[in-house]
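Below are two complexes that have subunit A in common, paired first with subunit B and then with subunit C.
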Partner chain A sequence: MNNLVIAPFALPLATALLCLFAGRVAVWRRWVVGTSAFVQLLVAVVLVFQVVGQTPLVVVMGGWTAPLGVALVVDGLAGLMLCLSALVAFVCILFSYLELQVEDEQPMRLPLMQLLGAGINLTFITGDLFNLFVAFEIMLVASYALLTLEANDRHIKEAFPYLTVNMFASSIFLMTAGLAYAVFGTLNLAQISERAAAMEGEFSVLLVMLLLMVVFGIKAGVFPLYYWLPNSYPILPYSLAALYCGMLTKVGVYVLLRMLCTVFPHSLERVHIVLALLAGATMVMAALGAISRNFIRGILSFQHVSQIGYMILAIGLFTPMAITACVFYVIHHIIVKSSLFLMGGIAYFRSGTDYLERMGGLWKISPLLGCLFLLQAFSLSGIPPLSGFWGKYIVISESLDKGYFWLASAALLASLLTMVSMMKIWLKAYWSKAHEEQGPTVSPNAIRGMTLIAAVMVFFSLCIGLNAEFFLNIAQTAANGLMDQSIYRESVLQTLGKGGNP
Partner chain B sequence: MAYDTALLVGVMFTVATYLILQKNFIRILFGFIIFTNAGNLFLLSISGAPRHRRMPILEEGRPVSDYVDPLPQALVLTAIVIGLGLTVYLIMLLYRVILDSKTIDTEKLFQPEEGDE
Partner chain C sequence: MTKHTDSILLKSLIQLVLLMVNILSVYVLFRGHQLPGGGFIAGLMTGISFILLGLAKGWEALGKNLPVDPMRLATTGVALALGSGLLPLLVGGEFLTQYNWHWEHFPMLGELHLGTPLLFDTGVFLLVSGMTVKLVTVLVRSSSGLAPFTAEEERYYASILEEPIEDKARRREESDGL
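After this line comes the complex of A and B, so read on.
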């Protein structure tokens, strides 16, 4: 039964390969990918039920013991992330079917989306630092290719900063993995955590963690090095932008959580403070950037970076409650942000343009879309009782408890600025008068389908907001599993000790 | 071994950083190639000096310290392959950017054009 652990990686990979060999685009290929995405979602749900509040599932690949073998571990947080990534991938794939006619679809788009999913899922389940690097590369290579696949001549240059910044981070990650092997003598995360605990307070441990912080800070889009993100995401088609914003940067947040909570000793306070300060800067700077943009995808991408700041701030505060809030925020944000991108897509397809100056009158054309958009906009900026409020509330009250008044006010300010940029979209695209040259670019049925998909996502997000206690409990269980290093360590080392045969 | 490798890696990083900070993106490309290779060399140096040590094929009755540590070498093989793929991709991307924008200067490339909003 434990072999199910490999499925979130193996299934998308197999689907991608199948699609590659299938050649031309056809309707049956869409069915295969759609079914596979649905099965992935089911597998992830099954895994979540097996791991939340229980011991992690561990599988050692090929039966080799560490340090030779690679362990795959699914604990509470990894299970939740797998579930969310499968959900977002499924929704985005359905949305992309409506976005384009079968004959207009790029033949490489679906296989690359599956490959991206495989990379993302492998980063969640891997228990080995070098394997994490490989998973990151699978994910990034697929994301580079998807970014440039459908970009036009004017936009293709934006891929260049994306590529260089991420390649730079990958090189540093590779060296950090090497350094970790030199310092700890192993790459297995559980063994590293054991040895790092024994070496607590030594400079080399701090150095490895600082380097990891730089690497995953870049990937997550934290303050000084976020500029590649809000300029490159807008060149993606909407369904892909939703997938990128939903999952790609969350991988950075996830790995930071994993490293700081489960692998490295909790006494690295200097790292925590640096993270918290950078998070404050990220929130405010990116929220200001969002106001400066004049097209929907640009605004949403900048807001996305600003929201990452809240999660990083929660990690930087590093109290059990803050980590719970971080996990809750990740759950909320993945759903809200991807649904906002999907709704931006619907607005785009209805008016045929992305630029706010040329949009308008959407409220009259479709009040339902307006309501959905308002709900998510309020949720993102944190108005009670919607899902964004709870995460923000805990983060701010924890930072006040710790005496970081500046960070708490930065968080409040960023939330206000988010609201302002949301209202910019609302006033220009929904509330103002319609322009004459507007016209939908896809069929009415497709728009109805897209609205249905967005409505389902909004429904999920409402469920999270109105059932906050239930979701906070899940987040707390996952956070406890993260913070209590012995659970993770023992379950992995036990399996390794038995030569990989559980 | 440790000192000369450290020196070489250091020089390579210096050159790579200098090149990456240039405006001409052909130079940035070469900077990246050197940067990835400096990283690979650093990773390889983790396995220790090969002097007086044997290749990692186990023989009866020999202590483990007689062999070179094979793990960093396995890692560096993976890293070289990934680095090669990325470099090829970067070259193709830059080739397309050159075809589209007719410039190799990043400053000119990112200047707002007529019709940009």
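After this line comes the complex of A and C, so read on.
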């Protein structure tokens, strides 16, 4: 029993409630939320040290056993994700403080950010299929509200596809949870894994996993149903867009990893192949979309979808090394993508617009920002020795090993196209001549602070890239914990007690 | 002004209906732990009774008559539920552990069964009743030509950067004309 497991969910929820009680915007509210975000980061770090390479921590809510109880499980991957989500949330909250004066802030923004964090963290720690649905809903409802909170009248229509597609996915998820209960007689993930292993090869197991794949594929933004993402993210303010890009779609990737590796039998090859093919299409289509856009947030959002393709491809290949690469890629991508969004924000505040045609001259104004941007752009498109290279290298070599030459070339092509779209930003915003009429829209001190935050994030990603062996080891430990179903199963069932048969 | 019904029947009966629905809702809340019922359904009943009051007496009057802000009530409810979940941690139990007490002969009341789940259920009750009233009030106000929030609420739920759509459109027209 370890009650620290509750903290990643209870702390943000309590903070959100405190903010709601306080109501109006005030400086002390910012201090409270900032402190709480920092404490959440500390808790997550403590949890990571307790679980990486060791047995998972399990808490059963209310002490109820077997089919009634809902278990909360923190294993290696969940711990890593908690840590990353706390880090990104902390950074984005600090950035949002610099983005707006206290009195201009929307009073509901901070409480909703905390609720979003509570939902995201609960999806990582829950060990129950229905509880996972509840966590997703907490996260999505908060994200719907945040998306439309500060949108203007024209932008608000972009939120509509986001809402409908996600509601559609949620309703399929609910039906699938019902189906899973009918098939397995339990919703606890450890028990499902036990019973699915006994039913290996049956059609019903394949059906449940296929439906779950559709649900989380939609949430992660995989090929046929990704169009809701690149149009809705650009309407967010930069700090929130960084948080959304950093965490929301990764939740979909995380759950796919959890379901395919820990819960369902490893013999579902048809699901893996479908995932790999969809991932290939996602990478190329979204990378082409990124080139077509002419404003920073639009380009970054499309690239984000294209990068999701690499993680899904790694899951689809389904070798131990590929899963390791997927975990490593998630770590790298959360840091790099959110820092790119933050840097887009700095460019926006420096020039008063983020339409590339009207930007320019940033290299002259701030060479430091230019260097940081180039580092992250190279890292995202996979230039060695930066962090993006290692993940891509392993994914491509694994797909060549498996004989998927088309997928390997799709990955290489997408990487090249990513570079092209990055260079589009670089040439227009940094390298071209400055426009006279544009000027900064926030104070120089705020811009300095934002640049410092972005620099810290770049430093983290450099650490990952130059110290790849250490991070690959962590990723491998987490991936081993994922792939070895018995570790997860035993530690949960030990706490839970054996449930009754269906 | 919002339009509301002029039915004399509804107006004269509403007080009685309000009282009866709320008595029933508290009953449903208390029996909820062991029998069908509970905080959610009781909260819906209470919420709907206040919506009826709004229909009969007008939404402006409802806003003035409510003793507490429904949003604040809902927040209190979540806080209560979270608190009842966290309290067991202090005495070394797990999150959401419940404690029940049973008396065979309680003075005045006879057999009595009380437990911490009631605290959680009351939280749900407050949350659901507050949210129902708030949601319907905002929807009705904005679909009948009033501002969704009163000036008092504006400070809590809206940024000063936001302004009515009409003002923005008018300003755009003016700047285009110049």
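In the analysis below, the second predicted complex is superposed on the first by the 496 of 502 C-alpha atoms of A that agree within 3 Å, B and C clash if a C-alpha of one lies under 4 Å from a C-alpha of the other, contacts with A are read in each partner's own complex, and residues count from 1 in each chain.
Here is the rule we go by: a contact is a pair of C-beta atoms (placed from the backbone, for glycine too) under 8 Å apart; a residue touches a chain by one contact, two chains touch by 3 or more.
Owing to the predicted nature of the structure, the values given are computational and were not obtained by experimental measurement.
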Discussion item. Using the superposition on subunit A, tell me whether subunit B and subunit C clash or fit.
Written reply: fit
Practice prompt. Identify the partner contact of A:444: answer first if only subunit B is touched, second if only subunit C is, both if each is, neither if none is.
Written response: neither
Discussion item. Under the stated touch criterion, which partner chain does A:178 make contact with: subunit B (first), subunit C (second), both, or neither?
Written reply: first
Discussion item. Rounding to a multiple of 10°, what is the angle at subunit A's Cα centre between the Cα centres of subunit B and subunit C in the superposition?
Written reply: 40
Item to complete: Could you tell me if A:104 is touching subunit B, subunit C, both of them or neither one (first, second, both, neither)?
Response: second
Practice prompt. Tell me which partner A:295 touches in the superposition: subunit B (first), subunit C (second), both or neither.
Written response: first
Worksheet item: Once the shared chain is lined up, is A:153 touching subunit B (first), subunit C (second), both, or neither of them?
Response: both
Item to complete: Name the contact category of A:201: first (subunit B only), second (subunit C only), both, or neither.
Response: neither
Worksheet item: Which of the two partners, first being subunit B and second being subunit C, lies in contact with A:17: first, second, both, or neither?
Response: second
Item to complete: Return the chain, subunit B or subunit C, that is in touch with more residues of subunit A.
Response: B
Practice prompt. Considering only the touch criterion stated at the top, classify A:168 as touching first (subunit B), second (subunit C), both, or neither.
Written response: first
Discussion item. Quick check: superposed on A, how many Å separate the nearest Cα atoms of subunit B and subunit C?
Written reply: 7
Fill in: Set of subunit A residues, in rising order, touched by both subunit B and subunit C
153
Worksheet entry | Residues of subunit A touching subunit B in the complex | 67-68, 130, 133-134, 137, 141, 144-145, 148, 153-154, 156-157, 159-160, 163-164, 167-168, 170-172, 174-175, 177-179, 181-182, 187, 294-295, 355, 357
Item to complete: Enumerate the contact residues on subunit A facing subunit C in the complex.
Response: 1, 3, 6, 10, 13-14, 17, 20-21, 23-24, 59-63, 72, 103-108, 150, 153
Discussion item. With touch defined as at the start, can you tell me which subunit C residues reach subunit A in the complex?
Written reply: 71-72, 75, 78-79, 82, 85-86, 89, 93-98, 155-162, 165, 168
Practice prompt. Under the touch definition given earlier, write down the residues of subunit B that touch subunit A in their complex.
Written response: 20, 25, 28, 32, 35-36, 39-40, 42-43, 46, 71-72, 75, 78-79, 82, 85-86, 89-90, 93-94, 96-97, 100-101, 106, 109-110, 113, 116-117
